[in-house]
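Please go over the structures that come below.
What follows is a pair of complexes built around chain A, which joins chain B in one and chain C in the other.
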Partner chain A sequence: MAAASLLVSALSKRFERTAALSELSVDAQRGEFVCIVGPTNAGKSTLLKTIAGIHRPDAGAIWINGRDVTRLPPKDRNVSLLFQNLALFPTMTGFENIAFPMRIARVRQAEVEAGVSEVARLLRIEHVLHRRPSTFSGGEQQRVAIGRAIVHRADVLMLDEPLTNLDANIRIALRIELKKLHRELGQTVVYVTHDQVEAMSLSARIAVLHEGRLQQFGTPDEVYNRPANRFVAQFMGSPPMNILEVELSTDQGAIQLAGDGFRIPLNRLPRGQGFSRLPREVAVGVRPEAVRVKTERSPETPFAGEVFWVERLGGKNILDVRLGRNLIKVVVKPSHAASRRGLAWFGFSPEPHHLLDRATGVFFQ
Partner chain B sequence: MAGAAARATHSAGNHITERQDLMRERQLREAAIQEVGDEAVGPSCQRSGRYGAIARTIARRMPFEVALALPAQLTVLAVVLVPTLVVLWLSVTSWQPTQGIPWYKAEVVWLSNFVDLVQDADFVSAVLRTVFIVVLSAAVELFLAIGLALLFMEDWAWRRLAVSAIIIPMMIVPVDAANAFYMLFNDQGPLNYILSLLIGRTVQIDWLGDVHLALVPIILCEIWQWTPLMFLLMLTGLMNLPENQIRAAAVLGASPRRVFMRVILPLLMPVILLSLIVRSIEIFKLFDPVYIMTQGGPGNATETISMYMYHGAFMFFRMGYMAAAALMVLVVVITISAMLARPLMRH
Partner chain C sequence: MPSTRRFGLGWVKTFVVLTAMVIALFPVFWLVSTAFKPYNEWQAWPPVWVSRQPTLQNYRIVFFPELAQKFAANEKGNLSYKVSGSAWKAFADSAIISGFATFFSVVFGTLAAYSIVRFGIGGTTYPFQFLTVRMFPPIAVVVPMVVLFSALRLSDTLTGLILAYTAFTLPFSIWMIRSFIEETPEELEGVAMVHGMGRLQVFLTITLPLVRGGILATALFIFILNWSEFLFALTLGGSKVVTVTVQVANYVSASSGKLYGVQAAMGTISTIPVLLLGYLIQRHLVRGLTFGAVKR
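So, the complex of A and B:
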């Protein structure tokens, strides 16, 4: 923890009757890119605004570079926050918007000009510097706002859904640019998004929030492959992970998972779990990409299911399948022969760590 | 009408049915108007009644929108345009009602009224004095109002009650407010008494009788009464500012003072300019406090332009001369407003 650039511990914040943040703890190492993801109202923006000092937390502490800033006013925290709606100053030109933090810090004019032109070059916005924000396009506004946020090298750069309001094309282009920018500047970044693809592609670690609580905090690989609970499993990944209700049983020492319309062996139990200590009523998670599909019955595809909807996305097809009483989603190649309505055959081999407690929704691991 | 409809059916093109529809609609409308008109004049007049015929003619000749707007337009014409034209006429005459000549037969003196006015020391000093009062009062009101409004941006206990209390002066009849200040600033009044207590020896300042001081109570009265209006305008302006831009400035390292100077004030500028225009025009017409407290005296130390014109027109009956003065003042007011409005248009 010595190198932690940002340390948030057990942060709680209530707004009247609703708890926006409950006992939330996250951290970011120096130069790390951390994503905060979660659905609407998960408390993502509240977390950023509390770190920035706009909201006072009810409990918990915030440390930035080893300094307790919990009670400091925003201006003394040396953080930078890019607001979701950008909040450019309409009365100032692009140049003055970007220069604002330096003007506040009373930096000399020559340095201001150097700093702004460097940022403008990085973001390729030299052409808007002398214009006012009302004349900017969406992408230009976004870049100027990013420029204003990065120009003064804050200890922690926080970005609140910076790409949400943009067209898909600009969004992907700016996403790559943000990644490059981060590599060049080496700033600690906390990035809020509700788009899990953005989070997967950008960050070193992802914190998944739901209703103000931290669900899981780990690398994209961990969060995707070893989700902590049902919420994370279904939030990360598109289409989401299928969760099938199964009964756990043994057949002559072999562990069996029996669900409606299928019965499959589990090659071993989750690590550190004994059969007798596990409940019988469990569920298993299967990623839509991990389901095998064929048009005929085979040893790998022993279960019959009905494809009742095919969603063609160009690069892949998503099949909506009825397997017994279960409705699952399956991703196949666009050319796959089962991409039509009607009967098909399915198979899957669940991972031991994808077994979860049906009652609590927590994965055994 | 039936003939017209028939002709319409004969005309070629796709418009036939459309036009038929229009014709039918019009017939129906006229029938409806006819019925209403007949009812209005009673059963005895039936369909051929005189008023019914007039109503029908009007309905046929006049688009509905015009009929709606006409009464208001005629009223404006009567109370604004006609007097303005009369003033324009009078300003080139030497008309005095005491001479017994009707105003439309007054002797034309062309521009000599204007030439005299520019050389009239009383008029020029009244204009300058009024401009001085406008600038001073508007500036102080603005300054106080912004300060007060900033206090009311955050929510605190009794905030709503405090707003109500602050805007009370605005609701008091100007003449009453002026009377209150008249008594307050009387040389035997409570203000001198309080000052005496504070200083510890008897103070007897003759506020309203001193040439150099008489403007003080008048300006204070104006500021006291109309700062609340400015306050309300500023508060509304502040409350409508985009919150995130102010927060953004704070997060980017700006102290509250710098947030105000660099972000809030520029964003508030349109509201500030607008309220300055409104208040300047209002203060330029300053009359009630002057009339109640000093009548323009002592000497003409507090004679505003309204007071000057009142004296000239209703005590000396120099109507032509004062019409010219009114026109010149109009030009001054429009110039000042335009100067303030120019940056407003830019925003």
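So, the complex of A and C:
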């Protein structure tokens, strides 16, 4: 706990009749970059605002650098927050917007000027310092708001969807800049996004939220390759993981997964699971990239399926495939011969840790 | 052909707007015109649109009753009248009452609106409960108010009317200012608080400047309500405290009924403070609310 810059434990918050956060626990080590991902209304912004002290939690505790700040007003928490709608002060120039945290802290003018110009140089926004926010472009607004958030050398820097609503190329450029900035400043960052690619590329650890509950908290690799449940499996990754209903059986010790249109062996059971304790009715997750495709039947591609839609994305093609009664998505190279409607042959070798309970949606692992 | 159609619609629109303006402005014209008419033209038939013998006598009667008596001797169509009350005092009383009542109403309204919007004080139906104060006609509460005020020794005092006006305009203040505060992004306050401001400082330095235009617009609206109020002014005041509206009603004579010209003169003058106020805060009314830098 000593090294944790931010520790959120069992946080709950209700608005009227809806639970925005339920028993949520996350943490960030000093200097760590943590992403909070989830769909709209997952409670991501509420979490940040509660950590900042703008919302009061109904239960749970928030520790920042070993200090319990749960009951402190926002100004005494030493956090910085970039709001999703940026919230630049319309009557202030870019300079004054960035200088705002230092003005409140009554920093001397010379230091303010030095601080603002350093941030402006980092973010390449020197040219907007003497203009008002209404004259800024979207990217400039975003950068000024980021500047105001980072000029405040807070213990925890929180960014709420800082790159949303930007053009794709500006978004990617700013994403790289944010990553560099983090390396230079070494601040603890909590970053909210609904874009799982952004989360994968930026963070050391990812917390996946859904309906105010923490689904999984782990490294990008863990979250992607060893998802905790059906929601995480399908939220992380585009197109999402295919989940196929299968029946579990053994044939002289060999484990078999039988689904509609396919029957495959599983080389071993999930770790720590015995065959007798597992339900027969389970499901298996298969990443669209892990499906083998050929135009002819082969030992690696023993199952016949029908490609009924091809989505050409330039770098890759996404095939919509009917395999028995299952609809699955398969990612192939753009030049792949099966990138046309009609019959093709498929095969896959599921991982033991991609077996999940059909009823609860939780992976056995 | 769109251009022809647009022309046709434009013509109709102009006609409708002009008609509406004539209907709206005619009473104002009649008020100002009557204020300059001598006695015999007030109720003349056919009506006199613009006086043939314009006179300032009506204004003299309002502001300098003794001087008016001297002039009256020389004028044709003279009438006998007796003026009760003083217009000067009426303007002073009205200014004090309307000014203070507007000030209190807007101050309390702003504070109440802020806590309703930001903290959800009183729950979701609370703002509607305020409106119920305005649901029943004022005449229904006037009698209990008279009894209450005399028990509290507030009858016929400036304080009493200031209190009554503040109470009765507060729902309007809260409702109008509430909508302005709702339009200010909560995040602007959030930013200020995260970076080190307390709630009160945020309210004073971030929120208030943003809703200034709205508050001034509300103040003007409330001031007009207070300035033109008659029922409470008559029943809760009326002898020691006389407002402009009550004073207008005082211009009657035993022999010839209502002194229309004098009433019109007083009415014309009484619109001036309102126009002046509107002109002074016009800049803020027009500027209104602009939050250019917030993504929606």
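The rule is simple: the second predicted complex is superposed on the first by the 365 of 365 C-alpha atoms of A that agree within 3 Å, B and C clash if a C-alpha of one lies under 4 Å from a C-alpha of the other, contacts with A are read in each partner's own complex, and residues count from 1 in each chain.
The rule we apply is simple: a residue touches a chain if its C-beta (ideal position, glycine included) is under 8 Å from a C-beta of that chain, and two chains touch if they have at least 3 such contacts.
Remember, it's a predicted structure, so these values are computed and weren't measured experimentally.
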| item | value |
| --- | --- |
| Overlay on chain A: chain C relative to chain B, clash or fit | clash |
| Which superposed partner A:Ala105 touches (first chain B, second chain C, both, neither) | both |
| First (chain B), second (chain C), both or neither touched by A:Leu81 | both |
| Touched partner set for A:Val116, first chain B, second chain C, both or neither | neither |
| Which of chain B and chain C A:Val286 touches, first, second, both or neither | neither |
| Chain B versus chain C as contact partner of A:Asn165, first or second or both or neither | second |
| Which of chain B and chain C A:Thr91 touches, first, second, both or neither | both |
| Which of chain B and chain C A:Val330 touches, first, second, both or neither | neither |
| Touched partner set for A:Met236, first chain B, second chain C, both or neither | neither |
| Clash with chain B, by chain C stretch, listed 37-45, 55-63, 145-153 or 253-261 | 55-63 |
| Intersection of chain A interface sets (partners chain B, chain C) | 49, 52-54, 73-75, 77, 79-81, 83, 85, 87-91, 100-101, 104-105, 148, 152 |
| Chain C to chain A touching residues, read off their complex | 185, 187-188, 190-199, 206, 209, 290-296 |
| Residue numbers on chain A that touch chain C, as the complex places them | 49, 52-54, 73-75, 77, 79-81, 83-91, 100-101, 104-105, 132-134, 136, 141, 148, 152, 165 |
| For the chain B and chain A complex, residues of the former touching the latter | 242, 244-245, 247-255, 258, 262-263, 266-267, 269 |
| Parts of chain A lying in touch with chain B, wherever the complex brings them together | 49, 52-54, 73-75, 77-81, 83, 85, 87-92, 100-101, 103-105, 148, 152 |
